[in-house]
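Next up, some structures in structure tokens.
Shared between the two complexes below is chain A, which has chain B as its partner in the first and chain C in the second.
Our next item is the complex of A and B:
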């Protein structure tokens, strides 16, 4: 056998080794926030498959997936945009596109990846294939709450000027719609799973501001005037993540700001329908995919605890302490399991959502966000 | 080099050749009803990748996917249950499990595949890995409307006796709950996307019967008493598919029986809220994933036409004729495209859902159902 053929054989072994598990529907990535690494995990086997290194500062990182569930686009705090190939388990490409970034999104057709930047403020849009920049949209403001919307659109909001912009990328050039008067210092936003309603949280005042993206001329709609730190000015250990809003059929559940409670909100009218007292200041309130349960984690120093709320009775039906610093939760797409990042235990812990039994754990170094590939098929995640 | 090693090399070539496109998130299978074959398609490339043969009688076939989006379980009319590996593009396993079957489902954990049978009547449940039978549930009736529900449950209904059974497979043995008096000759059923509400259509009387699966003791709830063939006894060319019910935020849209219209139904109360006149007797009324549009196809002889309804105005905003015998529609998971089976043109046709522009077509032999792998992550499909 000639050396060339031997080399070919070796490379076939390598590609075959990596090819084996590449049906990618049940995989996921876990951010290791301290080390600039991600761990590739397999839901079905409840196992870690590989660690991928060299992603820069992941202290406040998130990611989105390509439609084929092969590539993850990881948005680092340092402005790094890293394209990870979970089939070959390597970094396919990486650019440092700004000095300080906060989150990103992928267009509904999977062709464009957008990143929201603090330094310089604005949004930059990249070809998902090559990571070449295709649009630079400066905003003269820190830019937050970047989401994708149907019709190859991105929506994002300005901390400094209180404007929301809609960038329609369906044509040759970006077409920008600017909506003013969204409120004082918007700090985060979400889009509902159907891509219709965009809602910003405000740091500078109580209440939230919604936009109906199905309207030809969306106007700011003030909702939930009591939502926020309120009169008592409780110390806020951590502003809750708005992406943590949970839709449970006809109601949203959202973490209160500062207070030890979650709020129930009518999804159609965006008016408050009730409150449930909780163990601490909620950070994420996440609905199991069927909407029957909401799982809540809490801000420091009560972040060792999880509470589970039944959405019919609105009562807490289960409480337990997975360990120190539960930072994130991710449900399997059909909701039979939930995976928790327990940062200071260095573990991902896995639970049955019907019995609450612990099913397994996976070692990880300071794990934070858990992202299953099923997100590829959803809007606004 | 020894023969064994040569054989290994050959098999590595084969597996490496098939390994390339195995990020499976954007793949799908199209049923070729006349030839017992399926075509593997790639959404991103709008292309056919392979044809897989030998699946038996697919004249009324459907399929479900494993959680990793690697295996499809194809339910044939002849009782065949075929496990297709879309990574290697081969049949991984096949059993003929009954004489005459009608649909199947996969448990939320992906471990169990259930098949609904006419001959002999009942449901049989198989290990998803090996296709060995793990439970045989005879029902003394043709069995229809089989769906999966959260908590490793299957729900199905008896044509002859009008009972619905819930099989809870979370323990060592199936635990069966029987609900009587669902109505006269249930012919099909659906479960809502959140897995809460199960609704049967009735051949023998007007109206529908719903069950609240979140109740500890579900009771039949009669809804929409005017739904059905009604007083006029219109000729019904094809009973509409209940799986075609579309949820558009707070309303369902469903095809009328016999009449040229779709009905709008409040999702919370299951009462009628309106009707939209259509081109013919609707077969499927399917919501784009964001719920902004509903696409409708029609029964013979008007089955060359598609109408698109705006869900805000409830008016028809677009109508076109893709070709003879449009049998099925499947949206990309985030809704930017729709794929149509045009049986008598021998084509899958692909359209942009924003511009209605035709984007491409793929040859297929008498195509019927189109199933994208994203279904793996949803309940009740």
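Our next item is the complex of A and C:
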């Protein structure tokens, strides 16, 4: 008996020693929008590790990570919610929860995953473990700007009715707070990393609207009303994104709509502190994690270009053309590198953010969003 | 590859008189119109653009919507970026994706 047990123990030990443990802290996933696949990438090695297939229609897809950085919840355009296990590199679970989804969020405790939908409009909330639906919140509107907020809350906004709702999930039933008059056709929103300020961008009027979520009864606060007054409105060939807040020290940087500029806003007073003219309609204006630079990409047909703005002088310090259709950018958590997805080149391109030198590239099929696992630990991402 | 491209050009010109690259136009429809209407045109911020949803429109009406947009909505005017012939090709393509 004894020798057998010992033998078993020894063989267990050996197999454990051979199984390579997977550390996920420097991994990431890249959405391949046309093929319904994601590529698992390694930040440190600047390499692709695996491709995971079968995620459905991934145009405009995004994802969030579980707190342990093992699972990604991928929100597909076709309403698919797919739980990807990046340790085993497989799909752990998948449900098609609605006809037409637009984004998602994970609760602060990592237990709930929420998806916002265009069709039928509203938010559905799922158990992060099983993907069983735990709450269905119809809104009768296309629902955008869904983020998590501290206190097991989700915040989201209605395109059609201009309301923001706060769903408090800390009790047995969702408790909804409705805030009216956020403005004409909010198209996206962001929450600051401290979970205090929620800002929606508006399509139907020049301006943005903020909410102070630390307030017991948050009221809409107009930000930069009429920022484009007197300027010619230009056609918008792609709606800008506010996801991925760009807070640079004490200011926000936000893309204007219908104007080729980014807007600087004081984070404490929510008043304008400046503008920087840009090459085209900005899509993403993203701050390097230290806040010293903001990188901007643009809408079609100027989407081959990136501009880098110094946040101290608010001037453009670098401009280059990585290639056709730069759709997304993701910084390494400490900002030393930026990864760009260049859709029509079929590449992820990697740059040093100090020297702007190109460090490498990775093949990917029509890549769009790039998501590093470090997002797991940030509110609103 | 070159031969194929040349054939496509001829076919395009014969059909719509001035469309130089149907491949590029089809790509524009799915990628760039798709950013609002969905990659498969099933709808998103903008409505469903599949043939079933558009069949009550004529080619001319669709062409003009594409060129001029829908003022007061996010549907932008494409006139600054594409020609009338290209807009007409896209209108046909939306109505009949197999044989635009």
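In this text, the second predicted complex is superposed on the first by the 354 of 381 C-alpha atoms of A that agree within 3 Å, B and C clash if a C-alpha of one lies under 4 Å from a C-alpha of the other, contacts with A are read in each partner's own complex, and residues count from 1 in each chain.
Criterion: a contact is a pair of C-beta atoms (placed from the backbone, for glycine too) under 8 Å apart; a residue touches a chain by one contact, two chains touch by 3 or more.
Quick caveat, the model's predicted, so the values are computed rather than measured.
Once the two complexes are laid over each other on the shared chain, residue contacts for A:333 go to chain B alone; chain C is not touched. In the superposed model, A:83 makes contact with neither chain B nor chain C. In the superposition on chain A, A:142 makes contact with chain C only, not with chain B. When chain B and chain C are set side by side, the one touching more residues of chain A is B.
In the superposition on chain A, A:214 makes contact with chain B only, while chain C stays out of contact range.
When the two complexes are overlaid on their common chain A, residue A:354 makes contact with chain B while staying clear of chain C. After overlaying the two complexes on the shared chain, residue contacts for A:301 are found with chain C alone; chain B is out of touch. Judged by the document's definition of touching, no chain A residue lies at the interface with chain B and also at the interface with chain C.
Taken in their complex, chain A has these residues touching chain C: 33-34, 57, 59-60, 77-78, 100, 102, 118-119, 142, 159, 185, 187, 203, 235-239, 300-301, 325, 343.
Looking at the complex, you find that chain B touches chain A at residues 1, 9, 12-13, 15-16, 19-20, 22-27, 43-44, 65-70, 86-87, 108-110, 150-152, 170, 194-196, 214, 249-250, 267-268, 289-292, 312, 332-337, 354, 373-374, 376-379. Within the complex, the chain C residues that touch chain A are 31-32, 34-36, 38-40, 42-45, 69, 74, 76-77, 80-81.
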